[in-house]
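One chain, chain A, links the two complexes that follow: it is found with chain B in the first and with chain C in the second.
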Partner chain A sequence: MAVDMRLPTVRKQISLAGSNSNADGKHLVVPGDVITSDTGFMRGHGTYMDDEKLTASVAGEVERVNKLICVRPLKTRYNGEVGDVIVGRITEVQQKRWKVETNSRLDSVLLLSSVNLPGGELRRRSAEDELTMRDYLQEGDLISAEVQSVFSDGALSLHTRSLKYGKLGQGVLVQVSPSLVKRQKTHFHNLPCGASIILGNNGFLWLYPTPGQQDEEEGGYYTSLELVPLSDREVISRLRNCLLALAAHKVLLYDTSVLYCYESSLLYQIKDILKPETMDEIVMVTRQRLLDQEG
Partner chain B sequence: MAGLELLSDQGYRLDGRKASELRKVQARMGVFGQADGSAYMEQGNTKALAVVYGPHEVRGSRSKSLHDRAVINCQYSMATFSTAERKRRPHGDRKSSEMSLHLKQTFEAAVLTQLYPRSQIDIYVKILQSDGGNYSACVNAATLALVDAGIPMRDYVCACTAGFAEGTALADLCHAEETGGGTALSLALLPRSQSIALVQMDARLHQDHLDTLMEAAMEACKGLSKVLDSVVRQHLQEVSVLSRD
Partner chain C sequence: MASVQISEAEKVYIMHGVRDDLRVDGRGCEDYRHMEIETDVVSNTDGSAKVRMGHTDVLVGIKAELRRPRPNVPDEGYLEFFVDCSANATPEFEGRGGEELGVELSNTLYKVFNSHRSLDLRSLCVCPGEHCWVLYVDVLLLQCDGNLFDAMSIAIKAALFNTRIPKVRVLEDEEGGKEIELSDDPYDCLRLRVDNIPCIVTLCKVGHRHVVDATLQEKACSAASLLVAVTPRGAVTCVRKLGAGSLDPDSIFEMTETGKRVGKALHAPLMELLQKDESLGKKRQKVGFLA
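== the complex of A and B ==
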């Protein structure tokens, strides 16, 4: 088997020239920078008061909304909002609840009462259900869910009270920064290239073969163990590499950008997509097509 | 002083620096994709790598979690090839545990832990090459990694060592100067408020000299903070240009 090896190279300097006008428009601060000493402003996230002076506590961009001043860091963990679609992994089964790792600063909670159990929507949760919780979801299982509420300490409460949510079966998980996922009306897409994708708001992306008609009785806990054909698996691996390429170049992820990237990658072999020069090429074509489409 | 002349008559040190001159500092943020924050730091020949994970749910024993603030967990280790003599244990010995504890104390003073109740922030630092001032290289690397992870801090924490020879304070000691029999003082400073996060000195020193030594260490820390500042601003610019559209 041929192995591709390369020597370390000098990192490409990102040209700051020509973009200065844009960078000037942004107010960038670092921890300890005084944003304003005017007391008429309200303190938002990423700031603190130091002797009456509003000071930044993270490195990032200052955002002003009327009297409120926030600093948005470049990179953080996921901050959940009600209604977000997320993909997460079960870390613990407790009494009446599952703990779910969602790239958030605390583990999220999925209550037994906020899942759809097989056999009717409005069934009372009995003690028996509590004992068989592990039959539905056990440690290590991946789920898709929606954020139901946010607790005061920042932990999230999830629900899967819809047939589109539930346990995830065969597929590939890709992790990117949460800020790269574009907020849209729907985060479930059946791509025309022959695979489906869930773009979780928490930066967890799930690629899976497009399912046939769904069995409504199972309530989202049925996992197909059928063999996925090679062609589908190739599409999924190509999409995975495309997602990684887009994330490396910090392109916002949504159905159109993913699809364009997939189409521009068809000239190359799947394994070559992650080579830096190929990645540059593919992402550049994708960017161009996105710009053309916009205006 | 046994053998080594730490400061020549012309006022130059062993490696040709002046008394208050720092070694060359190079740093880079965001070196790993997997971690929440990471940084690489070189101070002369001392090289350190820091990664930050978190804030996340407290792993291991639940009893460690605090209901009103985040727990900071530090682990200091030295690569087996970092010193002239090969190390047997990269971490876990008495010296490393002490260093881990010092790092923890330093960052508890700077990170706004009360914003993240019941969670945990992990800081892992590794010395890749050791040439004196390991503690300060670790603190500076970890500061950059924390900034990269977007964890709120009061200010940067900058650390530097200072020594004393021939009645003069020397800033940013190298390995030969540290082991040459003189005194060495490590200082971690929050430069803007000039508050001290940690100060440590193992050797004996006359009380009258302490002030000059502290003064020299503080000056060195302020010099370092300027370098860190420019590294962070450069990184900020680059990333914000990339993610502009």
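== the complex of A and C ==
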């Protein structure tokens, strides 16, 4: 057994040689900061008027579109956009729809008509399908999906009409802040270290063993309950801890950063990665490598 | 209790991992997550401690008050426990949601700690039959991420170690009336002996094996867990089964043995840390709640 007890330490800001100042010329504010006292501007999200002065109500970056001033918060719930890849958890089975928890303000909806049922795309949905909805997805199940549309109240409508989306099988879910996930062309990655990852735009990250040849007949609603080999588990656990370490240090998550972090963590045991000093070390090496690669 | 919902496939993954002695976060079955312990965090208590273990965050404050001893034990002080489940931990605790859990937790703590075997309750007596110190142990759950009992017991032990009760003397005047006099020196205080205070080890039965320091996800895979309170010498002071499932006698025996071994090993690093913390004194940089 291992017990590690320690006194808490104040987290230091790591500064890297060669990196430009942390603000990068961005206008960053905290709640209560006066953005402008000029009355010619319009009040947008994340701001309020305080004695004729435009003031920030959240911590984040100021965005200006013509006369409109908004503050984009750093820490927020997920604000969906059409086309986003998300990972979510079914919370409710209703008539012709599932409710999905996606870390947004309102539960998202997955309609029965926007999933691919086994038996091909052009299958008609019958009353039986409605009765057997719970056989496809039940409460607690995880899915990957795409945002199809956004309702007027901000709730999301999802779809899984592609073979890459659907029910998720064995693996590990990691939850981070949605603002840490970098928007990219693809959010599905088969990492060369031996595992795959779905970087959901909503901050839900799914780690799973890289699948072999897939059986396409089930249309993404088949989950294997076979034993995952220990070597794959080790890789997945290491990646999980790496993701948490990167998230704790607010490093943007995308395939390269995750892979670099994985590589720099190989010097340490998996369970030691989350110790503060190891975390500092690994993340510093990762950031340095990312910086070298950029410049 | 705060719980999470997970899918069947995730459960299978976690259970196979436990079978292979590699849990989702890379720990073995008998490993704890790393803990951060800080004492003397609340200034208006006589002793306080904050323990953070993963995302489980527990704050304990101890206040001492002079009260009349209980009639059946006139020469002993006593402890009172109160567990407050903050709605910050989970929205379920909002309003009266955390009350049931709080009462259950405080009853268990009472069983584990309030005995003269774990704490010398006689030392809390000021004047037999008339005055004794009552220690109000208030536990605040700030965040729940599994393994509440272990974190609470460690925090309570740390807070009891940190507790300083002002020394009082009983003066008797000519007519036989008694008066209590408080010492003028604020540093003249009574410390509690924490040598025999037990730590709680909760063992969660996952599949055919058991794990210590289960996360919420692991807890969702297990039907029953066993709570074992162990003193530094390895004596078991309390055993309780938690959860709706059943345990067979063989595994109870196995789990108690593991609990004993793990619990015994918890005390040495804890005491070492508390001594170190105290020797640093005012030089230690306070972190508090902004870490």
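By definition in this document, the second predicted complex is superposed on the first by the 249 of 295 C-alpha atoms of A that agree within 3 Å, B and C clash if a C-alpha of one lies under 4 Å from a C-alpha of the other, contacts with A are read in each partner's own complex, and residues count from 1 in each chain.
Everything below uses one rule, namely that a residue touches a chain if its C-beta (ideal position, glycine included) is under 8 Å from a C-beta of that chain, and two chains touch if they have at least 3 such contacts.
Remember, predicted model here, so these are calculated numbers, not experimental data.
Chemist: Who does A:L28 touch here: chain B (first), chain C (second), both, or neither?
Modeler: So A:L28 only meets chain B here.
Chemist: Quick one: is A:G169 in contact with chain B, with chain C, with both, or with neither? Answer first, second, both or neither.
Modeler: In the superposed model, A:G169 contacts chain C only, not chain B.
Chemist: Go through the superposed model and pick first if A:Y48 touches only chain B, second if only chain C, both, or neither.
Modeler: The answer is first: A:Y48 touches chain B but not chain C.
Chemist: With the two structures laid over each other on chain A, which partner does A:A59 touch: chain B (first), chain C (second), both, or neither?
Modeler: A:A59 contacts chain B only, not chain C.
Chemist: Could you tell me if A:G140 is touching chain B, chain C, both of them or neither one (first, second, both, neither)?
Modeler: Once the two structures are laid over each other on A, A:G140 reaches chain C alone.
Chemist: Once the structures are superposed on A, label A:L106 by its partner contacts, choosing first (chain B), second (chain C), both or neither.
Modeler: Touch status of A:L106: first partner only.
Chemist: Under the contact definition given at the top, report the residues of chain A touching chain B in one complex and chain C in the other.
Modeler: Residues 91 of chain A touch both chain B and chain C.
Chemist: Touching residues of chain A toward chain B in the complex: what are they?
Modeler: 14, 16, 19, 22-23, 26, 28, 30-32, 46, 48, 50, 55, 57-61, 73-77, 91, 99, 101, 105-107, 153-154, 179, 249-250, 287
Chemist: For the complex, which residues does chain B have touching chain A?
Modeler: The touching residues are 30, 36-37, 54-57, 112, 116-119, 147-156, 190-193, 229, 232-233, 235-245.
Chemist: How about chain C: which of its residues touch chain A in the complex?
Modeler: Per the stated touch rule, the residues are 5-10, 12-13, 16-17, 20, 22-28, 30-38, 52, 212, 261-262, 265-266, 269-270, 273, 276-277, 284-285, 287, 291.
Chemist: If we count contacts the way the header does, which residues on chain A are in touch with chain C in the complex?
Modeler: 1-11, 89, 91, 139-142, 168-173, 223, 225, 227-228, 230, 233-234, 237-238, 240-241, 269-271, 273-275
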